[in-house]
Amino acid sequence: MSDRLSFHVQRDSFLHRLNPLTKLTLAFALVVVAFVLPFYWTPIFVLFAVIVPLSVSGKIFREFSWAALRLILPAVGFLFVMQALFQPIGEQVVFKFYFLDATTESVAYAFRNAARIFVMISAFTLFLLSTHPSELMSDLTRRGLPSQFSYVVISTLQIIPQMQAKANAIIAAQRSRGLDTESSFLKRAGALGPLVGPLVFGSLVEVEERAIAIEARGFTSKRAKTSLYEIADSKFESVLRWSLVALVVLSIGLNLWHS
Amino acid sequence: MFDKIKSNFNTQTWVLIPIAIAINIAIGQIVGLLKLPVFLDSIGTVLVAALCGPWAGALTGTLSNLIWGVTMDPNALPWWPVAFMIGYMAGRMAEWGFFKSWWKIVVTGFVIAITAAIVSTPISVYLYGGITSSGSSFITAYLMQTGTDMVAAVFSTNFLVEPVDKIITAMLAFSIILGLPKRIVGGYPKSEQAQVEGGNTQQQLYIAVGVIVVLILLAIFVISKITGG
Amino acid sequence: MAFVNVRNLTYAYPLTKQPALQDINLQIEEGEFVALIGANGAGKSTLCYALAGFVPHFFKGELQGEVEADGKLSSQSTLSEWTLNVGLTFQNPFNQISGAKYTVFEEIAFGLENIGVPREEIKVRVEEALALTDIRELARRSPYSLSGGQQQRVALTSILVMRPKLLVLDEPTSQMDPVGAKEVFSAVRKLAQEGMTVVMAEHKTEWIARFADRVVALKEGRILMQGAPREVLTSDLLFENGFGVSRYTSAAREARRRGLWTKKSLPVSLDEAAEGFGAIR
């Protein structure tokens, strides 16, 4: 486990240099378009004509495909199988499994749904690969998001790996004392307390001191906050963002008109 | 409204939220490791809601879901409104005094569960056509195959799955608060909401068990109504 | 007029009966370096919190008396105003890492961002502070990857960079090796000479004797005695009250009891002890 929780890969690329808000808007726009544009192949088109080329131009194609194959494909694949089997639509049965059957219609339906979810996840993966969390939060704070949000998000990302490390240590300790994660249900349920207790109480007791430490450093100061880093933005990007918003509105309109 | 939201947040709230999110995720993973048939991934959210208020709870739930979604399981992402409402509802229940004894906690857990079931139904229906990648979709699929319409099938499934999980979640959050030194609990904006009412805890637990039984009977009745009609 | 005035301060934490501080009266001049000593639970940390404004703004509970610094009363100020003038670090360095930053440089800049210092000035001040505590080489590291002693230096630097007029340090060297601790003491000494007022709760009496201007000994929430470091640290009163003073002093005291130690005063450092014991032969 890495010491911080972030997909971000540092590269020098066009995609990395874009303002974080632009990339966030792009990710949202792609997801909405994939979901609402009323053409069957929209999600596949978005994936191969926009997301994959962007990952190449962002010099993160390797990382992106790794995430797509290892994280996204299994999750979406499972969804596809579930939906193909469980959707009670269609006549033409292609596969039967007890009371469940996959029809040509349910397979087509499942494929489109899976493709949409695939686009949703991969759009955000692309965003996360090319954007450092503190860059995003500084930019959003500069645009008026209360600075406490930046604190919460970044410190959560840093605390989770620490907590997981602690959890692993506790699990290892309990295992050496005979905890068996394969034993009977009651035993496993009973093991929950000794595993969770130390983890939870230890970290809750720290809250007070941590609050004092940030208060001592002006956390609740009423003055306008500044930022160590300057995040680049341009007129061009602003236009780009608004065009993306227009695209979203347009596709929602098309969806409503079509149906 | 704005002042009400603000009243949920002091510095301790801001420090607690990341820890609560980490607790959600860590416990969620430990429960998965122990292969227990529950999620228990909102204990931190309920904890924040009880100690700081509904808006702090809602924020914890939402962020927890988003962060879990973007770092561990992307399938979780669309469900953030459920996490929002779990936090919000837990906070409201605490405001209404339902975070002060064991039997009240059970009611709180049940109300949170109903809320979660209601909010997740439309997401499940519109985004996934009723069939998600969760194991409980077997039940939904079965109900749909036997002719129940999609919304009813999804809701009944959620209604079956949620209460056990959320009641245990609320009870664990309550026992964590009881286990913390009073001085530490005192620093949060709404800590007085989570103070125990007088009375024998043993006796309270018996009442709690009684309440659970009543709620289960109620649940069976409601589900048979939905799927039957 | 003293820079810090504590008048008749009595304070009890919520849900406790026994006051943590009782009837404390303390005046500290501008640029003075005062060391607080005492056993755990003697009230050192609580006095630090009171000076830094966290009592009564963060910790509720019963407070009588007042704390004044730079002509203002803590009770009539808000915590965020008070902390602009008064900096605080405490013992556990891990809990002092904000968590909101990825590198030591950013971590030290955190406080300056919060109080709205312009970007270019932040960079200059962080560089200066890093040089002052000699941790330039840590600037690019993650605060979580550091040792306890290094984290303590980062915590101290994070406060120094805010240029408080009064610096309150609660056991700032507890996780440092002797060399590191001495360096911190000497850096603090230098800051006091430049006009910063310093209050430091510490156990390391050898460095206190060498660097502090005055020692205040606390016992059970009260000031037992105060005065010049040598005078306080070698006093019989402290010894009788079970204060853990340096082993050089204890050894010489024992030697004096047996009629071996002939010098007028007891030693507070290794050098003095060596000299005194050398004279016995």
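First chain written, first letter: the chains are A, B and C, and each begins at residue 1.
Heads up, the rule we're going with is that a residue touches a chain if its C-beta (ideal position, glycine included) is under 8 Å from a C-beta of that chain, and two chains touch if they have at least 3 such contacts.
It should be emphasised that the depicted structure is a prediction, and the values quoted were computed from it without experimental measurement.
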Q | Steps in the shortest chain-to-chain touch route ending at subunit C and beginning at subunit A | A | 1
Q.
Tell me which has more C-beta contacts between its two chains, B-C or A-B.
A. A-B
Q | Separation of mean Cα positions, subunit C and subunit B [Å, integer] | A | 45
Q: Can you check how far apart subunit A and subunit B are, centre to centre, with Cα atoms defining each centre and the answer in Å?
A: 22
Q) For subunit A, which residues are shared contacts with two or more other chains? A) 151, 155, 159, 162, 206, 210-211, 214-215, 219-220
Q) Can you list the subunit C residues in contact with two or more other chains? A) 58, 99
Q) Where in subunit B do residues touch two or more other chains at once? A) 18, 187
Q) Once bound in the complex, which stretches of subunit C touch subunit A? A) 49, 52, 54, 58, 79-80, 83-84, 87-90, 92, 95-102, 105-106, 109-119, 122-123, 142, 144-145, 155, 158-159, 162
**Q.** Complex contacts: residues of subunit B adjacent to subunit C
**A.** 18, 182-183, 186-187
Q) Once bound in the complex, which stretches of subunit A touch subunit C? A) 3-4, 134, 147, 150-151, 154-155, 158-159, 162, 206, 209-228, 230
Q: Could you please specify the touching residues of subunit C with respect to subunit B in the complex?
A: 13-15, 58, 60, 99
Q. Can you list the residues on subunit A that touch subunit B in the complex?
A. 5, 7, 71-72, 75, 78-79, 82-83, 85-88, 99-100, 109, 113, 117, 120-121, 124-125, 128, 148, 151-153, 155-157, 159-160, 162-164, 166-167, 171, 181, 185, 188-189, 191-192, 195-197, 199-201, 203-208, 210-211, 214-215, 219-220
